[in-house]
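Notes follow once the structure below has been shown.
Going in written order, the chains are labelled A, B, C, D and E, and every chain counts its residues from 1.
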Amino acid sequence: GGHAKEVKLGIIFGFTGPIESLTPPMAAAAEMAMKEVTDSGLLLDAATVTPIRADSTCIDSGAATSAAERLITSDGINGLVGGDCSGVTGAILSNVALPNGMLMISPSATSPALSTAEDNGLFFRTAPSDARQGVVMTEILMEQGVKEVALTYTNNDYGKGLADSFQQAFEAAGGTITITAAHEDGKADYSAEVGALAAAGGEKLVIAGYVDQGGSGVMRAALDSGAFDTFHFPDGMYGAKLENDFGDEIDGSTGQLPGTDSPGADTIKAMGEANGFDGTSSFVSESYDAAALIMLAMQAANSKDPADYKGKVMDVANAPGEKIYPGELAKALQILKDGGEIDYVGATAVELIGGGESAGNYRQYEIKDGKITTVQFR
Amino acid sequence: MVDFLNALVALSNFVLIPAIAYGSQLALGALGVTLIYGILRFSNFAHGDTMAFGAMITVLITWWMQSVGINLGPLPTALLALPFGILGCMALVLFTDRVVYKFYREQKAKPVILVIVSMGVMFIMNGLVRFIIGPGDQKFADGERFLISAREFKQLTGLREGLAIKTTQCLTVVVAIICVALLFWFLNKTRTGKSMRAYSDNEDLALLSGINPERVVMYTWLIVATLATVAGVLYGLDKTFKPFIYFQLLLPIFASAIVGGLGNPLGAIAGGFVIAFSEVTVTYAWKKVLKYLLPENLEPSSLVQLLSTDYKFAVSFVILLIVLLFKPTGLFKGKSV
Amino acid sequence: MSEPFLIGDTMTGGYGKGPDILHDCTIAVNPGEIAVIVGPNGAGKSTAMKAVFGMLDVRSGSVRLDGEDITKLSPQARVVKGMGFVPQTNNIFTSMTVEENLEMGAFIRTDDFSDTLEQVYHLFPILKDKRYQAAGELSGGQRQQVAVGRALMTQPKVLMLDEPTAGVSPIVMDELFDRIIEVSRTGLPILMVEQNAKQALEIADKGYVLVQGANAYTGTGKELLADPEVRKSFLGG
Amino acid sequence: MIVVEDVHKHFGGFHAVDGASLEIAEGTITGLIGPNGAGKTTLFNVIAGVLPPTSGKVTMAGEDITGLPPHTLFHKGLLRTFQIAHEFSSMTCRENLMMVPGAQSGEALWNTWFGRKRIADEERALKAKADEVLEFLTIEHLADHKAGQVSGGQKKLLELGRTMMVDAKIVFLDEVGAGVNRTLLMTIGDTIMRLNKERGYTFVVIEHDMDFIGKICGPVICMAEGKVLAEGSLAEIKANEQVIEAYLGTGLKNKEKLEQA
Amino acid sequence: MSEMMKNTALFALVAALILITGFYQSWNSAIFILNMGLISAVMAIGVNLQWGFAGLFNVGIMGFVALGGLAVVLIAEVPTPGAWTSGGVGVIMALILGAMTIVAATVLNKMIQPGRSRTLIMLAILIGGFFLFRAVFDPAVSGIEKINPAAQGNIGGLGLPVLLAWPAGGLLAAGAAWLIGKTALGLRSDYLAIATLGIAEIIIAVMKNEDWLARGVKNVIGLPRPLPNEIDLQNDPGFVESAASLGLDPVTASTLYVKLGYSVLFTVVLLVLLWMAQMALKSPWGRMMRAIRDNEVAARAMGKDVTKRHLQIFVLGSAICGVAGAMMTTLDGQLTPGTYQPLRFTFLIWVMVIVGGSGNNFGAVLGAMLIWFLWVQVEPMGLFFMELITSGMADDSDLKKHLIDSAAHMRLLTMGVILLLVLRFSPRGLIPEK
């Protein structure tokens, strides 16, 4: 692979459409990582990293494929951060990235089906696998002595996959799920779902959804009607909104999200504040990590050609090596330049396993006095 | 007896009250749609985004008021900001009418062309709102959240079931009733209202009666802007303000207007409730209610749910279809072009 | 001869960008007079009425009311000037009640119009019985009465009727013509298009025969009825 | 030919047709008159299958046709025209006629792709026939005009022309005369009589113009309030007190006022 | 003849737009836009058939497109081992039971006199049928869904060649359209619209929630394709050699080769359908359809069976949308029910038909190609405008930052502006009906 002064990274998220409210901070985080690298002047031969955004629309495979086609074959990007929703991500992967040998790291596509997709080692994701989270969630609830819960999930591959894995684990551990009710994101009203959930009852309501989407709507309706007052939140429900919009209303609720007892998540939050975006919004950390991993792998392979650096992604993400946290990209680049090894931990405690998935540690938290308080790490 | 009360309260809390509030929200939106259909004779796809625009202005003014400490005590400050939102929305729709719709009116374009044109307007308003306030959730509700919360109700009555009534729910219902009553009075009793009905009935003859069509159109838009802003703000107060959801609201709003009978204000109200109730009741799990009503040995073990909530939209559309099959132009004999 | 009260003078014009339909067509009416326009289908009778009322472009010629040139005025403005018009088709508000239809006739009036309403009810008693019924539910003849009544509510200075008797039964037609005579004898100029031409010309003070948008014959009603050529070609022998 | 037995048609509580019974003899031109709202058009609609009767029975040549849909009745030779002309406005006058005959092989989709030769032959024959009819109606110059843009009377002629494209048995004409120039109406009358003589069509004609009825009709039926009020020749009908009171009237009352002026 | 010239010029314009994309962006982008444009054109022909020819206001296009997609999975996917034995038979039985219940109810409804007893019997049959159906259906479904849920859990397909799925998609959509038409076609204008819209939502709800059918929201990816894999081509020395002889690198050559292959397939389908639609339109059948659209009552009186014809054209138009849906799913290589949204799959198609000129097949095709091009290309255009607007502002101004951040929303805004401009200058569409 040749060296050049410019590295172009594509960012393909749904800037319009159903998750348009999530994507701006995600893109901002990825761009922040790129700026960090550019400013360090250490990548390859002091290359500048230029982000190029494109709109995946989240739902329109045709438009998303077109946009990716443009990024890869016209703009000539060297790596792709994205896509976001599993549907368009699959389409981009098989129709554009794979044929063109382009590497992509998705921060948010969690569909189990993507694990088995043919990818030639070109596809990675920094969002953790659902299977493991279901088990972790079960452990947490069981330790609290919660034996009976109601479950609602957002009706997409993320929600459905997580709900399935949680249900399996929880019932295997002797728990009861009183009802499993899907909810659609972006709808106007969730009374029906809450009505059914309330009728079924349970000690807690588990919401396998997004805090910036229908998850909040369901929670709001459940609280307002007095159906539930404590909840359990998987990763998609973590965000500053919990504190800002709900606060002490949901005291006693618990949740977990990928993370180690590292300063990673807090650093992202602070960095986000400095750059004018919400660092706790869903998939922001994952986006930062996705961008960082691509650039670190380039450095490790000393090439910006995906064919060269695709093999290095796993190396930089996993042990052995020096642990790297957000904001330390310069340090990492230097180590790699000097021929050392790194273990990128990043904001989400990235650990890639076979199939390019992230297997992670989890941070367990509780809402106390309206604040998210870390309880322990698993 | 207590069991019966508990059952009643549970049903009210999870079915009746939410459905009434949601129904009123839909009805307010549907009123705007139905008015445009009735008088200007096209289905306005931009209505959801008009609601978002009006609500957005209100949100911005509310924030400003909150920042300088103006408030309404227990009521949401947004009510104070509402008139400004309405004015802003009026300005926007009148401007749109001048530069866009007027041309097609003069051309006597077919309704379907106007529908597609309104889609163009929708795209533009869509972008406009997002430019100004962004695509995310915005919080602007304040004041007392509950008239009575579930917990208070339980303490008060000693029942096992709670009943929560939100200020915003109450406001929505009251405002919806006032709006319909006013609209009815306006259309049926006032001179301007009658001239609007006359215009919608027979445009050419209205001309011959000395009615100025441009004025009728202007009044229509003014009322629509008012309704849209009120609907948008009340919805935002009760749930949340987020531009994309206003776009999504369009579908149930259209369904309401049509199932009630296009062009008929009473129909819009009835339609709103039909849609809301069918969404909420058909997927309701009756277990809780039955548990109170039936003797212990008959208590249901399953959820007693007709269909899972996955199908709530499907079900509301099935009900809509059934209504239309028996009443092909809606519950209240709507128009059809 | 002095200037008539209402005159469409040598009007030429057509619909939109289409061809001319009227060619130097002149029609006029004076107070207390009934002027009737007859002619074959598609001759441009309705078009001439619409031109006088400002509902299409008059490309040359002019329309004058009481000496004033109103060629450029919009239809609404002509209503304000005191012109009343009952079109050939679609001449009632079907979804509104009879009384509301009449009220719409008085839309431009700011004074109390209950007197006029009573007069109209007196003229057409059947309408009083049906005042709260939707006009769309009335029979053909009753609809025509509503249409004429609506125009009268304006208290027009001149009344224009386009085929008021089309499709009504003989008895209702007679009734309508009776009313028209009555109204006209109060001094109101009436300009009317009719296909029941024999009956209409009998009550007409003045008759116009239009052919292909141009005046073919003009005369008193009696003269036209007596003209064998006119009878044969336009009145059905 | 057509026998109507005690037909009722109710709209809500309103009895538009209230027990009408009548008989149309084959080969006649029967006039149907009656005051506005008597139920004439409604009865037509019931016979032609547009509206289902509330009760009662309609037979055609002995066969029960009650409630059969219009398109089936068409193929049995029962045709009707409309009070308000129902032309196909965006099609040319010729097309308006050419679309009429049933059983065109070009109306089956399959043939439009794989039977193009046959269609072309049929079309040629149809076009010739349509032009013949247009000539018969003296509107051949309008063949390529859009039907929506010809005048009212010409539309009425077109209505009539459609019934000539096929071999009809019985034709129902609803107010061919309303809004039509009287001279033209008399021409239409001639046409009707010619069709009746030359092709043996039976006609039922609703009309308010007594001159026209007198010119073409044999038997006349007068309806009022949904029932048959009187039947007979026009002269008999004209002499009937009830008919005069309900329908014909006694002429202008304000004649004197006219004279005074 | 000038009209002919104008129409040719319009088509040339669209061709030029695509060529410009080829020269200034990349040929891969250009041909992909062309391919999606061709699919859109097929959909537009289907909609034009219904609206332009017959005046049927179908706003349920999305549902038929989705059914076409479903057909691809059911035809071309490899069968899931064990699915048929563990539940497939049960599912079929249950569906037959359900159908029989409905048939029985309809037949009895006709036979028994109206009254309370009929209502009771009907209710008994329907409710009994429902529970019977659930009793057979539920265990069968859970049987199927238990098989390797992460990767399969569905009934699988027949393992047939994927091209067969295109006509099959048409048939599936046609079947659904027939059922819908039988019940809902009596409705007029906007009431029919909302009914079809609702039915489309119901179809999507079923596809999202019935995992046994096609994995629901868990998506099916990696569907078989009718053309070789780009990777395989890149590894095929023969292909690489012939690419090199054309002066192309293997990656570009393989991606272009596959895309052009799709273009050929889609063009063939489009041309066949366009020819069929044109022939039908210009025949007595088309004349009859126009007559029905102009005046239903009169058409009925002239012996045309309007109900039957409406049903015919509704089924045909929907079938065409189904074919297009199958083509699109084949091109995507995956079925993702969550992506079916009315804005994209129903209203955008309507925009295409109206902008192109309803009632005119060539108009529909032109509208489809043009609007699809814009739908994709307004994104860079919007960005460009935004940069233009902000170029005068100070680099660190908040407004500039805010505007650049919101640039993504220029996409729909630009779309709206262009739509309004086109309709302003040709309010009856670019190639109006004659």
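Convention: a residue touches a chain if its C-beta (ideal position, glycine included) is under 8 Å from a C-beta of that chain, and two chains touch if they have at least 3 such contacts.
Each chain and its UniProt protein: B, E = Branched-chain amino acid ABC transporter permease; C, D = ABC transporter ATP-binding protein.
A quick note: this is a predicted structure, and the numbers were derived from the prediction, not measured.
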Any chain that touches chain E and chain A: B
I want to compare two interfaces, B-E and D-E. Which one has more contacting C-beta pairs? B-E
Comparing centres built from CA atoms, which chain ends up most distant from chain C? A
Centre to centre, using CA atoms, which chain is the farthest one from chain D? A
If you average the CA atoms of chain C and of chain E, how many Å lie between those two points? 55
Based only on mean CA positions, could you tell me how far chain A sits from chain B in angstrom? 35
Give, as an integer number of Å, the spacing between the C-alpha centres of chain C and chain B. 46
So, what's the distance in Å between the C-alpha centres of chain D and chain A? 74
Where does chain A touch two or more other chains at once, residue-wise? 18, 20, 24, 155, 182
Which of the chains are touching one another, listed as pairs? A-B, A-E, B-C, B-E, C-D, D-E
Residue numbers of chain A touching chain B in their complex, please. 17-18, 20-21, 24, 155, 178-179, 181-184, 186-189, 191-196, 198-201, 212, 216-217, 220-221, 224-227, 241, 244-245
For the complex, which residues does chain D have touching chain C? 33-37, 83, 150-154, 175, 178-186, 208-211, 246-254, 257-258, 261
Inside the complex, what are the residues of chain E that reach chain A? 24-29, 32-33, 36, 39, 149-151, 208-209, 215-222, 229-231, 251-252, 254-255, 258, 328, 331-334, 336, 338-339, 341, 344, 372, 375-376, 379-380, 405, 407-409, 411-412
What residues on chain C touch chain D, complex-wise? 32, 39-43, 88, 139-142, 163, 166-175, 177-178, 181-182, 185, 195-198, 203, 232-237
Help me check something: in the complex, which residues belonging to chain B touch chain A? 10, 13-15, 18-19, 22, 25-26, 130, 134-137, 139, 145-146, 149-151, 162, 164, 166, 235, 239-240, 242, 244-245, 248-249, 252, 276, 279-280, 283-289, 303, 305, 308-310, 312-313
